[in-house]
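Letters A, B, C, D and E mark the chains in the order given here, with residues in each chain numbered from 1 onward.
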Amino acid sequence: MARKTGDVILDVQNITLGFGGVKALTDISFNVREHEVRAIIGPNGAGKSSMLNCINGVYQPQQGSITFRGKTFKHMNSRQVAEMGVARTFQNLALFKGMSVLDNIMSGRNLKMKCGLLAQALRWGPAEREELQHREFVEHIIDFLEIQAHRKTPVGRLPYGLQKRVDLGRALAMEPQVLLLDEPMAGMNVEEKQDMSRFILDVNDEFGATIVLIEHDMGVVMDISDRVVVLDYGKKIGDGTPDEVRANPEVIRAYLGTEH
Amino acid sequence: MFYRENGQFKSSYSADLALFPVAQDRWAMLALAAIAFIALPMFASDYAFRAIFIPFLILSLAAIGLNILVGYCGQISLGTGAFMAVGAYAAYNLQVRIDGMPLIIALIGGGLCATVFGVLFGIPSLRIRGLYLAVATLAAQFFVDWFTNRVKWVTNDSSSGSVSVRTLQMLGFEFTTPMQKYLLCLTLVVVFGLLAKNLVRGAIGREWMAMRDMDVAAAVIGIRPVYAKLSAFAVSSFIVGVAGALWGFVHLGAWEPSAFSIDKSLQLLFMIIIGGLGSIAGSFFGAAFVVLLPLFLNYVPHWLGLSISTGTASHLEHMIFGALIVFFLIVEPHGLARLWSTGRQKLRLWPFPH
Amino acid sequence: MSASKPFLDVNGIEVIYNHVILVLKGVSLVVPEGGIVALLGGNGAGKTTTLRAVSNLLAGERGAVTKGTIELRGERIEALSPAELVRRGLVQVMEGRHCFAHLTIEENLMTGAYTRSDGKAAVAATLEKVYAYFPRLKTRRTSQAAYTSGGEQQMCAIGRALMANPSMVLLDEPSMGLAPQIVDEVFGIVKDLNDKERVTFLLAEQNTNMALRYADYGYILESGRIVMDGKASDLANNEDVKEFYLGVGGAERKSFRDVKSYKRRKRWLA
Amino acid sequence: MGFFLETLFGGLMAGMLYALVALGFVLIFKASGVFNFAQGAMVLFAALAMARFAEWIPQWLGFNSALLANLLAFIAAALCMVVVAWLVERLALRRLVNQEGITLLMATLGIANILDSAGQLLFGSATYKIDIGMPKDPMIVLENVFQGGLLLSKEDLYAAVLAAALVTMLTLFFQKTATGRALRAVADDHQAAQSIGIPLARIWVIVWSIGGFVALVAGVIWGSKLGVQYSISLVALKAFPVVILGGLTSVPGAILGGLIIGVGEKLSEIYLGPYLGGGIENWFAYVLALAVLLVRPQGLFGDKIIDRV
Amino acid sequence: QAAEQFIPLLVYRTGQFAPLGIPWADGKQDYLKLINARDGGVNGVKLAFEECETAYDAAKGVECYERLKGKGTGASGFDTQSTGITFAVTDKAFVDKVSVETAGYGLSQSVDGTVFEWNFPLMGTYWTATDVMLQDIAKKEKGSLKGKKIALVYHDSPYGKEPIPLLQKRAAAEGFEVQLYPVTPPGVEQKSTWLQIRQARPDYVLFWSAGVMTPAGIREAQASGYPREKIYGIWWAGSDHDVKDIGDGAKGYNAITLQNSAAKDKVLDDIKKFVHDKGQGTGPANGVGSIAYNRGIMISMLQVEAIRAAQEKYGKGKSLTSEQVRWGFENLDLTADKLKALGFGEMMRPVKTSCANHMGNDWAKIIQWDGGKWNITSDWYQSDKTHINALVKEFAEKYAKDKNVKARTC
């Protein structure tokens, strides 16, 4: 199927990352084009999450660089990455447990809120207006994710699946250009995965957001991604369209096992 | 059946963003304000003002300040006493060194000095976390204890190191009666309480809570840890500093460094945990608990007509106090504020369970 | 229902969190000895809560069973401590892994054998068995659990429960975060233990497909109530189940790309 | 030079005594994730029990041997601490499973309140003495090397030796037994520990009993130095910087931390204090700890603080 | 109903200083009980009293003060038992018109009755105590302190710092050297202090300590070999419980007593007879007569005599207001005969207060611990007022200026 994808927006070059003795990533390179859905797959412990952490500035790779929209970085901090429009969801749910759903998603907009401390304390005109305007945006996300009923619930009390949605909501609130998703559908049943796929594709279509997706459900990966990178024990063993990857013998050996 | 939100649909987000979205709550707050500002001054005794309401209000204010740091931003501090002391001594110095300094400026000045100090001692929090940070904040506590004892200048060369404030006057008005002092405290508490509430429900509040709950994720969504943590230290120590100045100026009148010892720090931490971490209302509950309960326990033997020795009575009082702390933590680890809201939730369901 | 006597019998339990939130509204289910029973249901249906109620782990979440009874081998167990339950052979693998962050993988596994009194050799044998099931764990045995990947932690959690040599295991979403190969493997292990050692399983799963393939019997939970139950094979052929849980409603399996949800889409554009 | 050495030794000895109190914190934290603010109160309680039983038991049983009295009193006091541990588990910890660290910390503050007062109600609030025959007079060594010789306190020396023995014992206990692992597991995650069958109740009673025992030893040593009165519960404040410097989870860390703090404190007071007006050792200890933490946020030997997404 | 006079009793029976606070509080209360039991009150006015626990905490003390100041016909006077609480209530006393009596502690400058209308540091202050200690030392040193080194080891708090100004003034005048060693409260660990002392070798150590700091200090002196005979403790560090358990280790340790609180006197027999034998004793019977206890009864006696004196002026057998009792404090005249009649002949020497002098006469003795008990080793001393009076004036004026207090003329 032909989908409109643009130039390379994110280019990962020769990333190497180790922790003491463990080599989590060895000389990994791949790129992501604007507007595509790019999947990363691989067995457990292959280094997928670590890869996102590198892009994200959570880990500092020992070697290699990352080019984002033509600018090359060796070291970035998370703040810079966020400012450039990269958002992220987490594998092990990194929600703000003590905050309500609404506040969690609102916090995704913080980068865009400009009022100073004093103005906020006084809820002066502009501060109030700003809050309202962002609230409206967030309400759209809440509607979109169908979590209206839980708006004021502390996220810690939500069932696992809804927490994942909130995590996505928070990332969406950043109006990202690149959205990194780390196993967004783990712990969901088929119906819910369908919903989630829908959300992701919608974001991709309507927003033009570029998506980098880690997922273990091959059905999902094959159906919704444009290109797939395969990692195994820190090494890249495959890269290409879903069909190419599916046919790659090494990928079959290392990850897919038999037919999928 | 009477505590219902039914029929109160919010037609705009701004209505939902209001301080007290439920109408009943709004009325309750108004009633509370009326009692605090009108009824109490008319009926309460001097003793009640001086021994109950004034300390209650000041400690509530300090607890709000501490709650911002501990409850909202998750940085446990055992050095609150020090921040109060800085506020108090700074305000004192402003007052004695500048003639005719209006009280309010002195208080705010005290708060600002505490802010500077707080930010300074907040810097380690960028690296040290959790209980390590908690214990490390004791450095501030002991340093200030020492500093106020040792540096004569701080106490205006008082030979003993204890200081006592002049009259409380502002723009020609002098606060003399307990009722006037109470109203002063009340006004400040209300003002700072509202400001604090606005902060914690706004963007900065979310940054603080995000830092508290999951700092890596917070960084990933673009929150700068330096700014979030230090601003929490700044705001918190400002409020705590003002509270400290009030404690010295209004409640004690004259004090020695031990008035702001580690006991005070622990007491405040007590308050916010019993009251509810991350809750402005909880700060008030906690302060009430800590101020009122000992007084209450103190009276119980009198009421029962028991004559036990003061020593025994106060040991028993301590034990009961300790036991109640444990008890409340068991009943609701999130504090009285949560207990209160659970209660309200039940009321909302009443008379149908669930 | 199969003829063998009930091993675990949950009878009409209600669970309330925090004194106010009613989550389970009378759940009853029966697990026969040596059976594999699947507990299915969407997010928030109450699967985890049911398992917590059985293994008596609700207290830590400020929840409580307010009605109904739970029996293990005909004995009431609501009042027993979790440790006592483990000693009686009932172990739970908690949702979200819950590995001991500061302990190494091997130490994590070894704590699982805490209740065992059958000697070091037997424990060592089990450890080897677990390593054989999950070779990945063996290579990571000296890493602190917190620094292993999500899937490795999941394996660790499952392995740790197996270390107790249980006679019944409550598995809460065992397949979550695991690579497809490993998922197969986990279910293989379940089957294996069930066949060879007659270990009974109650498993809460979202991967309905897999669950129904391996289970004997299934219950479907929706907002705190059992809405359907039956033999696994029957459930797998039920039209509703197919539509909602297996994603194969009607004819062929739909592509995830083609599932449309216009309602949502409309709102998103608004 | 002689004076410097004296200061150094003095610091080491004092540090050993701090370490003894710090040990109590570390044990309980390591094994249950609770920062036990009641440690000071436990020291007081244990010391009071010891002092009073040593007074009472000879009266009750009508004998007159100091050694026997001390021995029986020690056993009785140790039993008291077990009872305390049992009550703490029963009435508080058991109901606070899976709560946050700070909630537990507050609970121990409540427990401290109770223990402080209960101890004084049961045993009295005057000053009592513990006399286990520690030598009090100084000894002077190396008189021919240094002018005036080096002055060492025998009492401190004995105490330090006792502390070292205790630490070795505990380190072994923790490292060589399977219980040690279970304890650390509990500290990491109460609920998961429960789920795999670690009996929290029993573990906690054991740990708090050991904590109580350590408190008793600390209480006896400090009590024989200072006399037993409420204030000895305040020695806990001296142990705080020690614990964080050594690392909250490390038994040897408590010892090394104690020594560093002890020496640092004395040297700073003596060589730096005069320029700053004196009395600096208290906060200096914390500044020292703070400085170490800035380099190693988990203390010298503490488990690395895990932060991962 | 018979007339009653209310006396508030601020005490600390818990906390750090409880070992001192308990016998002190027992003494205060026992004496009031004695007056009621033996004399039926003061001229028939029964003494009512109520204890309030402060735990030595200023904020709690303030609460107690607020609670009790208006009780009955008004509180007769507050013996706050704490320097900190005294600071906090002194300002309030001006407004409330209640007297604050601080026998042997409090603000040293409050001797000046023209400024401190409501404060009564009866019998002595920290300045007089310092002066007396120096006198005793000078006596041992054959009259001159010139060239000597005198160290002050003090509780690092306002209480511990009170002696410093006087010490420095006298050092300048008499040519001795002062070394200051602050000990951070609670003072459980003083090794570095005493190591420094061992090195600096001062000729004498004045020991301004409190609570656990006392035994800890003496032990450390012992461990570092500093002779205990050269240490002079202030009266709060010279009670039985401070040294009892150290026994021989404290042998030779000197302390000053307020008047002579170490003495056995007739009033103690009366207390035994009228109070303890009737089962009305506040504390244990064997506590009667300890130094801290005696200080307690002395303080209560002064309180009672102030009431008696005031009744002379405002009407015998009447309940008096706080303000009226103040007059009594200001016009105490306890002659030797009167004291003897009261049963305090051995314990005390005459005290006479006036409008200008709120301390009255400051008598003190030096006692020394012999390993088993305290022995009196000196004759009566009274402080030399040359330096003290100047200091009192200077500090009182400063206070008056700070607080906008108009000094009275006497």
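The rule is simple: a contact is a pair of C-beta atoms (placed from the backbone, for glycine too) under 8 Å apart; a residue touches a chain by one contact, two chains touch by 3 or more.
Since this is a predicted model, take the numbers as computed values, not measurements.
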- Tell me which chains count as touching both subunit A and subunit D. B, C
- Relative to subunit C, chain with the most remote C-alpha centre: E
- Note on the structure: Taking the mean of all protein C-alpha atoms as the centre, the chain whose own C-alpha mean lies closest is B
- Greatest Cα-centroid separation from subunit A: which chain? E
- Using mean C-alpha positions as chain centres, tell me how far subunit A is from subunit C in Å, no decimals. 28
- Message: For subunit B versus subunit D, what separation do you get between their C-alpha means, in angstrom?
- Response: 32
- Here the gap between subunit A and subunit E, centre to centre from mean Cα coordinates and rounded to Å, is 73
- Separation of subunit B from subunit C, taking each centre as the mean of its C-alpha atoms, in whole Å: 46
- Item | For subunit A, residues that touch 2 or more chains besides their own | 58, 90-92, 94
- Where does subunit C touch two or more other chains at once, residue-wise? 147
- Note on the structure: In subunit E, the residues touching two or more other chains are 13-14, 18, 22, 156, 182, 184
- Note on the structure: Counting only contacts in the complex, subunit B reaches subunit E at residues 46-47, 50-51, 55, 96, 142, 145-146, 149-150, 159-162, 164, 166-167, 176, 251-259, 263, 295, 309-311, 313-315, 318
- Which positions of subunit A touch subunit B when the two form their complex? 56-58, 77-79, 81-83, 87-88, 90, 94-99, 103, 106-111, 113, 115, 117, 120-123, 127-128, 131-132, 135-136, 139, 170-171, 174
- Note on the structure: Note: in the complex, subunit E contacts subunit D through residues 13-16, 18-19, 22, 156, 180-184, 186, 188-189, 191-193, 195-196, 198-199, 211-212, 215-216, 219, 222-225, 241-242, 244-246, 249
- Task: Provide the residue numbers of subunit D that touch subunit E in the complex, in ascending order.
- Result: 3, 6-7, 10-11, 13-14, 17, 117, 120, 125-129, 131, 136-138, 140, 151, 153, 155-156, 222, 225-227, 229-232, 234-235, 238, 265-266, 269-270, 273, 277-279, 281-282
- Query: Quick one: in the complex, what on subunit D touches subunit C?
  - Reply: 97-98, 178, 181-182, 184-185, 187-201, 249, 303-304, 306, 308
